[in-house]
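The data blocks that follow each hold one structure.
Across the two complexes that follow, chain A remains constant while its partner is chain B and subsequently chain C.
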Partner chain A sequence: MIQRSWKIGGLALLGYVLCMIFFVPLGPGLLEFTSTGSAGHVQDQDRKVTVYALTGFGTHWTESPDQLTVVLRHGTQLASLPLIETLDATHVLVGMDLPYTVPSKSWDVLVTHPVDGTLLLENGVFLQDRFIDEQTKWANPEIAEYPAELPFHFPYQPQILETIRNLMLHVPMWFTMFLLMGISFVASIRQLSTAHDLHQDTKAEASVQIGLLFGALGLVTGSLWARYTWGAWWVDDPQLNGALVTVLVYAGYLVLRATIQNIRLRARLSSVYNLFAFVILIILLMVLPRFSESLHPGKGGNPGFNSYDLDSSLRAVFYPAVLGWMMLGTWMYHVRLKASSIERKLRQLQ
Partner chain B sequence: MRNKHGIAGLAVFAIAAVYTCYQATGMHAERESWNALAWVVLLFTAFNAVSKPWADDASNMRSFLLHTVKPQDWLLARILYYSLMLLGLGALIFAAFLLFLGMDPFTGSGALFFFLGIEATALALASLLAMIQALAARAGGGFSLIAVLGLPLIIPIILVSTRYGMDIMKGIAFGDTAHHLLFLATLTGGFTALGYILFPYLWRD
Partner chain C sequence: MNHLFFQINPLEGFFFGSGKAMVVAGVAIIILIGLGLWLFRMESRLQRLNDALDQRLNDAQNQPS
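Showing the complex of A and B:
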C-alpha cells in the first residue's frame, strides 16, 4: 500500500506539473525599443520627432490603448513619451521628444498599462543623437500606476522567455540524480560493512543505473536550454563540464562491474569505486562551480538557480516538480531493484 | 619490486613527448599552448607510470603480503612510491619544457610558482592513481580499465591545475591564485584518506 501511494502520489504530482508546464501562460514583457529612422508628428504638436517602435511580448496594448504610458528612466529622472499609434497588442509607435541635452544617453524603458501593470526594459534605449549634460534636470511627469490584472502566469525573463518551463524538467533531473547517487553511496558503505550479503550491492547498482538515466536526461534538457538561451548545444563551462564528467564517472562504475566475474569481488571493488565517485560528484557539481565564473544561472557563488529568480508562481510548480520527479525516480529504482533481486535469485537456483 | 629500466623508460617517454611538443609548436609556443601541453604531458606520463603492474598484483604475492604487511601501510607505500616518481618526472618535464620551449610565458618568479603547481598536481595524481591502479589490477581489467576509471576521476585535478597555470602565466599575483594549490593539497589529503580507509576492502580476498 505504501508502495502504491508512493507511485500514485509521484504520478499525480507530475501530472499537475506537466499541466502547469503546458497550460500556464507566460507573463508580459518588453522585447525591444528601437528607432524606425523616420520622423513623424505627435498629435497636437507641430514639431517633428523621431519615431521609435516598442515591441512587447504577450502584452495587451489594444485594450484601453489611451491608458498606455511609455516612460524613460535614468536614475530618478523620468520622461513620458507621446504615443503616435498603437499597431496591435504587442507593437506601438512613440515619438522621441526628449530635449537635445540629456543627463545620460542610456535610459531604461518603462511601460505602464491597466492590464499588464508596469513592465521594464533595462537600458532599453541608447540615444546616439543627444548631448550629455549631467546637470540637466526637468520636472518628472505624473505617471499613473496600475496593479497588474493578469491570471496565474510564469514571470517573463529576457532571453529565457517561454523556455522558463524547462526549469521544472532540467533542475529536478539533477536533484533526482543526486538523491539516487546518495542512495547508492549509502548502499555501498553498508555493502562494505556487511560482507556476507550482496543485497546492498544490488541496491547500489540499481540506483546508479536509474541515476545515470536521470543524469542523461539532465544533460539533454540542459543542452536544449543552452541551444535556446546561449545559442549552442554545448558551451565550455565549469558547471556543464562537471555534469558531463559526473555522468562519465558513473558510467565507469558500470564498466568496472562488467569487467569483474567474481560476484563477491565485484561487490567489494565497485563499492570502493562508488565511494570515490560520490566524492568526485560533490567536488565537481558543488565545490568547483563555486570556484569559477560560469554562464550557468546562479553564477558567482551559487551554482543552482538563484532564489531571487524564483517568484511565487514558479515556486508553486517547481517544488512539486522536484518532489514528483524524486518520487518517480525512487519508484523506478525500486522496480529496478526488484528485477535485479529476482534475476540474482534465479541465477542462484540454476 | 619495480625495476630501474621502467623508470628510465618513463623519463625517456616524458622527454620524447616534450620534444614532440617542441617540434609540433614550431620552436615557440604561445602561453595557452605551453600551458595545455605541459599538463597533457604530465597527465600522460602519470598514466604511463601507473600502467605498469606491480609484482604483488599477482595473487600468490598478495596472499604472502596479506600476512606480513598491513594493507593500509602497503597503500601508503605505493602512494609514496608514485609520489616520488611523479615529483621527479614532473621536475624533469618542467626542465625539458624550459629547455625546449623557452621561458617566455613567465614573468618574475612565475616559473617557480608554475613548478610548484606541477609538483602539487603530481602529488594529487599519485594519491588518486595509486588507488585506481590497485582497483583496476584487482578487477583484472588492465590498462584500458585504468583509463576508463581514472580519466574522469582526475578531471577535477586537471581543471584546477590548468586554471592555476593560466593564472600564473597571466601574471596574476601568487597570493591571489594560491587557493588552487590549497585545493590540490586538500584533494591529495582527501584521496589518501579515502584510500587508506578503503584499501583493505580492495586488497583482501
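Showing the complex of A and C:
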C-alpha cells in the first residue's frame, strides 16, 4: 500500500505541476521604450516634445489611464514624463521633455499603475542628443506608488517571458538525472566491494538507462528554451557542451557493457568506468561552468533561479515539480530494475 | 524579434484566452495518467513473472541430480 501511494503521490504532484504550467498567467512587465521620431503635443502644456512609445507586456493601461505614471530614473534622480496618449492596454505614447543638460545618458524606465504596480525596464532609454553633466541635480517629483492588484502569476523576466514555464520541466529533468546517476555511482562502489553478487551491477545499469532518458529530455527542453531566449537551438557554451558530453559519457557506459560477454568482467569494468563517469558529471556540470563565462543561468556569474529571482509563485510549482519528476524517475528505475532482474534469472534457467 | 512575436500573440491572448490551454493541459494530463497506468500494469506483470521464475528456479534447485 505504501509502495503504491508514493507513486500515486508522484503522479498527483506532476498533475498539479502541469495544471499550474498551463493555467497560471505571466505577470506584467515592460518590453521597450523607443523614440517614434516624431514631435507631439503634451496636453495642458503649450509646447512640443519628442514622442516615445512605451510597450508593456500583459499590462492593463486602459484601466485608470490617468493614474499611469512614467518616470525615468538614474541613481536617486527621477524625472516624470508627460503622458500623450494611451493607445491600448500595452502601448502608450509619452513626451520626452527632459532639459538639454542631464546627469547621465542611460536611464531606467519606471511605470506605476494601480493594477500592475511598479514596473521597471533597466537601462530602458539611452539619450544620445543631450549634454552630460554628472553634477546636475533635479528636484525629484512625488511619485504615487501602488501595490499590484493581480491574481497568482509567474514573474515577468526580460527575454525569458512566457518560456519561464519551462523551468518546471527542464531543471527537474537534470535533478532527476543527478539522482539516478548518484544511485548508479553508489551501486557501482558496492559492486566493486562485493564481486560475487551481480545485483548491484544490475542496479547501476538500470539507473543509468533511466538517467540517460532524463538527460536526453533535459537536453531537448534546454535546446527549445535556448531557441526562444538566445535565438539558437544550441550555443557554444560550457554548460551546454558539458551536459552533452556527460550524456555521451554515460551512453559510452552502456556501449562498454554491450561489448563485454563475460558477466563478471563486465560488472567490474563498467563499475570502474561508472565511477569516473560520475566524477566527470560533477566536473562538467557543476564545477567548470562556474569558472568560465556562460549564458546559462546560475553559471559564470550569471544569476540563476535562486533567491535573486525565484519568487514565491515559482517556488510553489518548482519544488513540487522537482519532487514529482524525481519520484517518477525512481519509479521507472524500479520497473527497469525488476525487468533486468528477470532477464538475469531467465539466463540462469537457460 | 521574440518580443514582437510574443507581443502580437501573447500566450494570454491566443493560448489561454482561446481555451487552447485547456486542451493542451488535458492532453498532458491524459499522457501522464496513461504513463502511470502503464507503469502500474507493467510492474504487476513483472512481479508475476518474477514470482513464477523464482518458483521455477527453486524447483530446478530441488530436483535430484
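Definition applied: the second predicted complex is superposed on the first by the 343 of 350 C-alpha atoms of A that agree within 3 Å, B and C clash if a C-alpha of one lies under 4 Å from a C-alpha of the other, contacts with A are read in each partner's own complex, and residues count from 1 in each chain.
Going forward, a contact is a pair of C-beta atoms (placed from the backbone, for glycine too) under 8 Å apart; a residue touches a chain by one contact, two chains touch by 3 or more.
Computed from a predicted model, the values in this text were never measured in an experiment.
Of the two partner chains, chain B is the only one that A:L269 touches; chain C does not reach it.
Contacts of A:L11 after superposition on the shared chain: chain C is touched, whereas chain B is not. Contact with neither chain B nor chain C is seen for A:L198 once the two complexes are overlaid on the shared chain. Of the two partner chains, chain C is the only one touched by A:Q348; chain B is not. After overlaying the two complexes on the shared chain, residue contacts for A:L248 are found with chain B alone; chain C is out of touch.
When the two structures are aligned on the shared chain, A:T259 is found in touch with chain B, with no touch to chain C.
When the two complexes are overlaid on their common chain A, residue A:Y228 makes contact with chain C while staying clear of chain B. Taking chain B and chain C in turn and counting the residues of chain A each one touches, the greater count comes from C.
Within the superposed three-chain model, A:L288 lies in touch with chain B and out of touch with chain C [touch as defined at top]. When the two complexes are laid over each other on chain A, chain A has no residue in contact with both chain B and chain C. Across the complex, chain A meets chain B through its residues 192, 238, 241, 245, 248-249, 252, 255-256, 259-260, 265, 268-269, 271-273, 275-277, 279-280, 283-284, 288, 291-292. The part of chain C that touches chain A in the complex is made up of residues 1-3, 6-7, 10-12, 16, 21-22, 24-25, 28-29, 32-33, 35-36, 39-40, 42-43, 46-47, 49-50, 53-54, 56-57, 60. Residue ranges of chain B in contact with chain A, taken from their complex: 131, 135, 138-141, 145, 148-149, 151-153, 155-156, 159-160, 163, 179, 183, 187, 190-191, 194, 198, 201-202.
Within the complex, the chain A residues that touch chain C are 4, 7-8, 11, 14-15, 18-19, 21-23, 25-26, 31-32, 55, 57-58, 90, 159, 161-162, 228-229, 231, 328, 331-332, 334-335, 338-339, 341-342, 345-346, 348-349.
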